[in-house]
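What follows is a pair of complexes built around subunit A, which joins subunit B in one and subunit C in the other.
Let's look at the complex of A and B:
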């Protein structure tokens, strides 16, 4: 399997940051605030801590089998049949996330920009441009991320700085007013986004100095995510208030529309959408790459590039047929997705794999004594 | 008496023997000659099977001359000068050179004069033996600066074509190559394409030797290596690979030579031929090999660990690897004060971006995202465009194409006519087109901004930007800002995937190298630029050790 690319620790951090943030800053405010209200930041803190644990889990799994990806080591742990089945499940999961993200951003483009353009156009173009990036491999993807992600983060920050005059600090209070269960419920959705770091079990083997930098750069990425997540949630709530935030489909966009400085900066939301879609493109490309690369690895191909286009067609069709309406999408993301993603792919299978791995290692040591 | 007569007889006999052996030699030569001539008819001497290329010279002069005359059949500029050696009237010599390429003064003063006129060069009682003529001429008589021996026809032909003068000596299977080249050069002028306000004013010329000399004058170190090669089956163009040993990585030099070694082409008339033959991605619009006509610039690149390729016949020297950011840097950046240099660099980055996106952004905003404009301005735009017959997309596209036509016309026209173009461009296309209502004022502004911005860039890079502007325009005409974003993303993916001789094209921006940022967007003060670019000069990074704070005043 040829992916000769190597990525640096900095690139890994930025890829992780973008992967979690890209769709999160769009949908997170309403998904969290719906449950936790003004205590959304607390839900976020819990989700970050739990997400950090999931990331450590992923890193540990990778350290058990240095150089092997999530599509290779289950076979070493669970045997050929179960191992292959697990790998195929993970490919499905990556395809599913990818299709969901394509769907989310096509939906965003259609509602925010061009309500009269058939949504098919956005699905097709997003998949095509991601396919172009995936074709060039992980290294190029990481370099693009290194260019784009700082720009995306700075633009997001800049947006909230511009919005300060429209913020009302009173919207943020009262604090500690929500019952603990709702706060936990509010943390489920962000946690499912944090858990997408599990996809990096296919990326970590390509880090150029794996041993020293993987934990640090992953955790730094999570910290960056937390920071920007917090800015977004707090900023949007301060702009719109908890009630409107919770009821809104795209609260960040609604918030951005309030911005006006003097008479020349009036409606910056098209620029904001572009910036967010840029992040979405990177996220799509990453999962697309993992899925295509993983499929190639399972099938024992020498090069995954011949299947980039077929996988792209599959993604396009899947994303087109996932949800019937935006409400369906949001409902799915808010209720089913956390259980499905965290329960099976982000915590369930990895915990089993790690347990088997540790047990095997211990027994192996016992045998040798 | 008998003794004398026997003596006489033996003498006659030995003469006869030598005569017979000589005639055998002649016979052998003739056979050889006939076989050579039969192999290839004279008319196809160069393009045919080239049997002479493998042959060595014959011992006597006559067959050599015949073959060479056949090779240079119908080459009226080749001079064959046959004459008799002054020291020994039995020895014939022949001088071969090309009129116009050989320095006539050197040929007559330093080659012909000693050989024809200086009879007294040998001691009278010790005449030159025929077998020693060659050594004698080579070691004692020729006054040219460079001499070389050869015994192959190929060397004789090639060196004559390069401008050297070849001396053939009767009775010897070797020839003497005299480096007495001298032809008309263009004098060194100020570089046409890369003007600076502060900095040296010299530039490369069309002659390789002059170019290597100006380079050597800048880097007076034995580590500056100038390796000679020849390319082009017909043009036999001299090419020199130059690098600073110990600074340029060995692998890079090897890779350059390996890629050059793959070239098999009939002609190399400009360094552009070689550029396209050795670049990493021939499909890309972006130049992956940089060129310059400024010796100071090439020297600076060599000192950063790059490898230069000088080609005879063109003042443009190539340098590899070349990075995206190089095209946004100017030589003045290093000579002017660093704050201003930094500001200008950032300005060039902005200009590059502007010249790429301004027309498409304007198009996207006025067709798809009116809400982004302040109301007063929006109304103004609408009023301007009210009487314009085209859709905005067509309007901008036509103006952009018109601008490109103007620019190309300005480039090709003789200087005297050039003014007419600017008058027509400014008045007719700007002023009048707006007044007749063919285009809106804002479109003219947009096209002007785009055009002027692109003048800030290096020419080879601005070509890519000029071409890419049109697909971007198309995309944003269809999909607004989303289309523009998709187009830009595709461009960025492409640039990120490029490599120039193994070095990522967008480095040091991505992959990000912190220490190289001192000479990327920012030009740090010289005191602070302590290292060479990391990915280029991999093994010898130290530029200066730095001035300690105590020494700073």
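Let's look at the complex of A and C:
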């Protein structure tokens, strides 16, 4: 299986940051605030701590079998049939996320910016561009991340600084007003986004100096995500207030549209569009690469490139047929997705794999003595 | 080589996609830019939407094509009645040669009948659609919104621009649409909006004015519209508006005049530099109370008496008189909100919610009742920061 690319620790951090943030900052604020109200930041903190643990879980899994991806080591742990089945499940999961993100991205572009354009166009163009990036491999993706992610982060920060005159700090209070259960419920949604780090079990083996830097760069990525997620949630609530944030489908966009400093800095939402398009493209490409590369590994191909285009067609069709309406999309993201993603792919299976791995390692040591 | 050829082929396809242009393009000649929107309610319960639309030929500056002295109208006003705002807009759209373009709408005016009937039915369209900006100015008129949209401005090109400029620069209470919607949705507060009216104002000079079109009417702000929930319940005049702004802690600028402490019949005028308001709620024996502390920095800009304000004890008396006046402003406004309208438009609910989180959950529903029966003591302090260029010491900082 050929993927000769190597990525650096810094590139890994940026990839992780973008992968979680790209769609989370668009759709998560409304879902978190719906449950946790003004205590959304608390939900986010809980989700970050839990997300950090999921990241450590992913790192430990990769350390059990240095150099092997999530599509290879289940077979070594669980035997041929169960292992292959697990790997196939993971390919499905990556395809599913990828299709969801294409769908979210297209929905946003159509609703907010180009209402008359057929939604098919966005699905098609985004998949096609991502396919081109995936064709060139992980290293190219990582370098693109190095180029774009700092721009994305700085622009986001810039937008919120411009929005400060429109913010009302009173909207953020009172704190600790929501009951603990609702705060926990609110943390499930961002946690399902943090859990997407599990996809990096296919990326970590390509880190150039795996041993020393993986933990540090992954955790630094999580920290960056937390920082920008927090800025987004707090900023949006300060701009719109909790009630409107929860009711709005795209609170970040509505917030960005409020920006005006006197009459000379206004209508800056095109900056947000650039951020969304770049971030969405990178996120889609990464999951697309994982799915295509994983399929190649399972099938024992020498090169994954021949299946990039077929996978692309599959993604296109899947993303077109996922949700019938925005209500369906948001309901799915807020209620079904956290259970499905965290329960099975982000925590469930990895915990079982790690448990089996540790048990085997312990027994192996016992045998050799 | 094969990969190269494929990518070249793909690139060609991409280029042909780009060359077709965009689907959702909006060319300037195809759109009718809306500057102001007004909504009224007819007696039958229908919605009348009135729009002020830019006339493209006039806005692009005809270059002296019109007769000298006779200005060309830069906008036109269209109006249509429908069951909903969108229904009325559809009625307009079918009669216009261009597509209506919302994002540049500056002001949103609501007629009294529509406001008294409840605003939720009307605002939904403006909140749901991604087209109108949430930063447009909202105002309520005691009459027909149609008349406000129909008015013209002598100084600005259009009345919409005049209203937006006044909202941005002038003192008084001004509301952006999204701030109004926040107050409407939060459950902690009731919204207020500026009141706008047509008033006979000014005498335009020059050829047009001389020909007998002397005094004319313009839309100006004259106070505040008070809501309970989404329904208009009454009005405050300009003085009470200032008191309300002090209570809400939103006063940024303005001038107020107080009787002189030393000479009867003489007056002093102050310009506000900065004002902060602290509201401390309390809940004793099932009764709500508020301690309101208002701290205001002012300039002394006019003095009719001859007292030497550079003397500390005289300055002290002046500051005391000004503080008493502020308290009177705030008390009058609070009295009207509590007794006349029984609605919390002062953001007091927000303060109460922050301090009494558990009790709030029970009281939220009847908050306006609790607010109306609440006791409040208002205490103001004033610091005169500057006294103009008259007097021995222009800067009185150290005598505070």
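One rule holds in what follows: the second predicted complex is superposed on the first by the 367 of 369 C-alpha atoms of A that agree within 3 Å, B and C clash if a C-alpha of one lies under 4 Å from a C-alpha of the other, contacts with A are read in each partner's own complex, and residues count from 1 in each chain.
The working rule: contacts are C-beta pairs under 8 Å (C-beta built on N, C-alpha and C of every residue); 3 or more make two chains touch, one makes a residue touch a chain.
All of these numbers come straight from a predicted model, not from anything done at the bench.
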First, second, both or neither for A:132, with subunit B first and subunit C second: both
Touching partner for A:52 - first (subunit B), second (subunit C), both, neither: neither
Partner chain(s) touched by A:176 [first = subunit B, second = subunit C, both, neither]: second
Which superposed partner A:326 touches (first subunit B, second subunit C, both, neither): neither
Partner chain in contact with A:11 - subunit B first, subunit C second, else both or neither: first
Which superposed partner A:268 touches (first subunit B, second subunit C, both, neither): first
Which of subunit B and subunit C A:278 touches, first, second, both or neither: first
Subunit B versus subunit C as contact partner of A:113, first or second or both or neither: both
Intersection of the subunit A residues that touch subunit B with those that touch subunit C: 113-114, 117, 121, 125, 132, 263, 266-267
For the subunit A and subunit C complex, residues of the former touching the latter: 111-118, 121, 125, 128, 132, 168, 170-171, 173-174, 176-177, 240-244, 247, 253-254, 257-258, 260, 262-263, 266-267
Subunit C to subunit A touching residues, read off their complex: 7, 10, 14, 17, 22-24, 103, 130, 133-135, 168, 176, 178, 181-182, 185-187, 347, 350, 353-355, 357
Subunit A-facing residues of subunit B, complex: 368-369, 371-374, 376, 479-482, 484-486, 489-490, 492-493, 496-497, 504, 506, 509-512
Residue ranges of subunit A in contact with subunit B within the complex: 8, 10-11, 109, 113-114, 117, 121-122, 125, 129, 132-133, 136, 140, 142-144, 146-148, 263-264, 266-268, 270-271, 273-274, 277-278, 281
